[in-house]
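Two complexes, one shared chain (chain A), two partners (chain B, chain C).
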Partner chain A sequence: MRLLTHNLLQCHVKGCSTNNYPLRVEATNVVHKEADFNPEFITHMLQKIEWNALRTTASALGVAELPEILPLSMEGQEELLKQIHLVLMETHIMDGKLVCPGCSHEYLVTHGVGNMLLIEDEV
Partner chain B sequence: MPCRVPSEHQAITKLSTCNNSTPGDVLSNVPAKQITRRTTGSSAALPATLDQDILTDASTAAAAENSFVHDVYNAIADHFSDTRYKPWPVVDGFLGSLPAGSLLADVGCGNGKYLGVNPSVMGIGCDRSDALIGICNNRGFESLVADNLSLPFRSGLFDAAISIAVIHHLVTEERRLAAMAEIVRLLRPGGRLLVFVWALEQDKFGSSNTTQDLFVPWKLRSSTPAATASVAPSTAQEPRVFNRFYHLFKSGELEMLASRLANVRVLRSGYDRDNWYIILERQ
Partner chain C sequence: MSRPEQVAPADVYYNEEEAHKYTTNTHIIDVQKRMTERAIELLALPEDSTCFLLDIGCGSGLSGEELSENGHVWVGLDLSPSMLNVALEREVDGDLFLQDMGQGVGFRPGSFDGAISISALQWLCNADQRGHVPHKRLARFFGTLYAALARGARAVFQLYPQTPQQMGMITAAAMKAGFTGGLVVDFPNSTRAKKMFLCLFAGVAAEVPKGLDGTEGEDGQAGPSMPYSRKDRDAHFGKGKGKKAATKSRDWIADKKERRKRQGKDVRPDSAYSGRSRGPKF
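Right after this comes the complex of A and B.
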């Protein structure tokens, strides 16, 4: 599971609608896999990404220290875009769990696959 | 080869083409209410006969989908995946039209055959079957296990979504509607959704068929080891038969469901290769 995907996920347990984001990553295995760098794509994704969630997750996993505030324009920000690319596209949670900050529900990640299914009562 | 299917499956024995030597989809008209389910195994929550009551009660509906959709896809995942490699033209066209850098959700992505169609798009797949998602993951596609009635994504972020041959596996109209609403929730304003479902009108079911809720057996080729042993009868020599629930959509039915969704407009709808499809845009 890429950190891009993690940034899009929220807890969806029934009734858990506040303080359900971001899911805290308790990873036992995080790997780096190279991916093609596309600055336009990264810039586009920045409209969708919750920056603070990405920044704190990247820092907690020891992947990168991203700046607190993004520049108004990403023009000429090649180095920063590459750093964001590394975090979003190249960092994979392989094993561990994603924990809801509100209800403490745990979603398991195994061999890079997150299991986001809930049992019937939780839906 | 003699057709020896255990007695629990007599309804299928009578109606399906069990002498067909080709594994995979065995197309036949087996109305859902004629199937008597197995009385053994872990699905004891289901009543002994699958009838219309199941199709209207929410908890039994979920149990029926577990037995007749989720368990089956997990068991047939490898074989199913081997037969799913050719994208459909309308789906290809939709994916090809997405601007570079679009974020795409493939809800019910199966083996991920659409996740690589447009490499300039970032696709995230999800499926209820962990066995199929395992195949996606091995192919390097970003994917996770999730239920299309309760998706784990924040709202309003995706530029596009597809639901190909998925919601026809849900056993009630309300659940099919809820699945569409849940995918629409993921889309940003202006984001687009393509839905494909099997059509009642397709030739292979015969022009006189009017049964919308039915079982379509899948014959698992005997060389494939099943992922789970609990969902179908088996003998050493014969292919194992798994029944999948389908709701066949009538002409106009997708449009009717779409008309009950808030915040969407229909861009296009039509018939393609035995399926009805619709393209919606989030307002």
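Right after this comes the complex of A and C.
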């Protein structure tokens, strides 16, 4: 699971609608996989992702230290874009769990596949 | 042949054996690929741009591979662990999740630029477990999907509804969640080539694209898998010139084997004994 996807994921247990994001990563295996650098896509996705959540996750996993505030325009920010690309697209959570900060529900991640199934009374 | 959704729940039906078919059976692969191509076309994404898409019921990642080929980044959801294992073996590019679409799509608002789903939505009409209420599951699915899509994004579902009532139930649930759009039917006059696409728009009212009816010309786009012209049809059913081979004759057997081979079924190899006459019985 890329950190991009993790950044867009929220807890969907019934009744858990506040403080359900970002899911805390308790990873046992994080790997780096090369991916093609596509600045347009990164800029496009930056509108969707939650910067603070990404920053804290990236530093908690020790992938990269991202700046506190995102510059208003990404033009000419090649270095930063590459760094964001490394975090968003090339860092994969392979094994571990994602824990909801609100209801402490644990979503297991095995071989990079997140288990988002809920039991009956959580729907 | 009974429909998969009438046999068992998706996570049970798509076991190792069934999942294996999705990597070996060229007919299944071909059909899935063509339906995905058409679904991407119906998504009407901006040209030459990389989009972030959701594949609902991604299975072994056949549709996802098609998305990757078109340069998109995707996330796939599926309920069957066996199918996801096949997807892992195939090393697909998307991020995979074991998820039941009836439990909702757990993504933040506005995450995706579009969603596709190939032959999956009809599963939602089943109540496979105690506590499953199809219309509630549909409502939750469409509600959360609507939120997870960016404004102006489309969702295209290829589906096989069992009855018109089922289709009505699905469409009503989608409209209730706020989607606009409608049904696109390709090749409505052919029983087998007929494909239904539920084409939904999140937040914008756009015109529903027209279905293909085989008269678009030879541009290679989602060509019909069954003949549609009168002439072709006559030839197919053995009318017009040439008669159909007599039942159980050698030609008939050869035809049948050929046909079944094309369907990807197990066929004994031809030999000198195939369809030979057996001589008079005592």
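A few points about this structure:
By definition in this document, the second predicted complex is superposed on the first by the 123 of 123 C-alpha atoms of A that agree within 3 Å, B and C clash if a C-alpha of one lies under 4 Å from a C-alpha of the other, contacts with A are read in each partner's own complex, and residues count from 1 in each chain.
Heads up, the rule we're going with is that contacts are C-beta pairs under 8 Å (C-beta built on N, C-alpha and C of every residue); 3 or more make two chains touch, one makes a residue touch a chain.
Please read all numbers here as calculations on a predicted model, not as lab measurements.
Partners chain B and chain C, brought together by superposition on chain A, clash. Shared-chain residue A:2: touches chain B and chain C both.
In the superposed pair of complexes, A:21 makes contact with chain B and with chain C alike. Of the two partner chains, chain B and chain C are each touched by A:111. Of the two partner chains, both chain B and chain C are touched by A:44. When the two complexes are laid over each other on chain A, chain A has residues 1-2, 4-5, 8-12, 21, 38, 40-41, 44-45, 48, 50, 111-118, 120, 123 in contact with both chain B and chain C.
Interface residues of chain C facing chain A in the complex, by the touch rule stated above, are 49-50, 52, 73, 75, 77, 84, 88, 95-100, 103-108, 110-111, 129, 131, 140, 144, 150. Chain A meets chain C in the complex at residues 1-2, 4-5, 8-12, 21, 38, 40-41, 44-45, 48, 50, 89, 111-118, 120, 123. Interface residues of chain A, counted against chain B in their complex, comprise 1-2, 4-5, 8-12, 21, 38, 40-41, 44-45, 48, 50, 107, 111-118, 120, 123. Looking at the complex, you find that chain B touches chain A at residues 59, 62, 100-101, 103, 122, 124, 126, 128, 130, 133-134, 137, 142-147, 149-154, 157.
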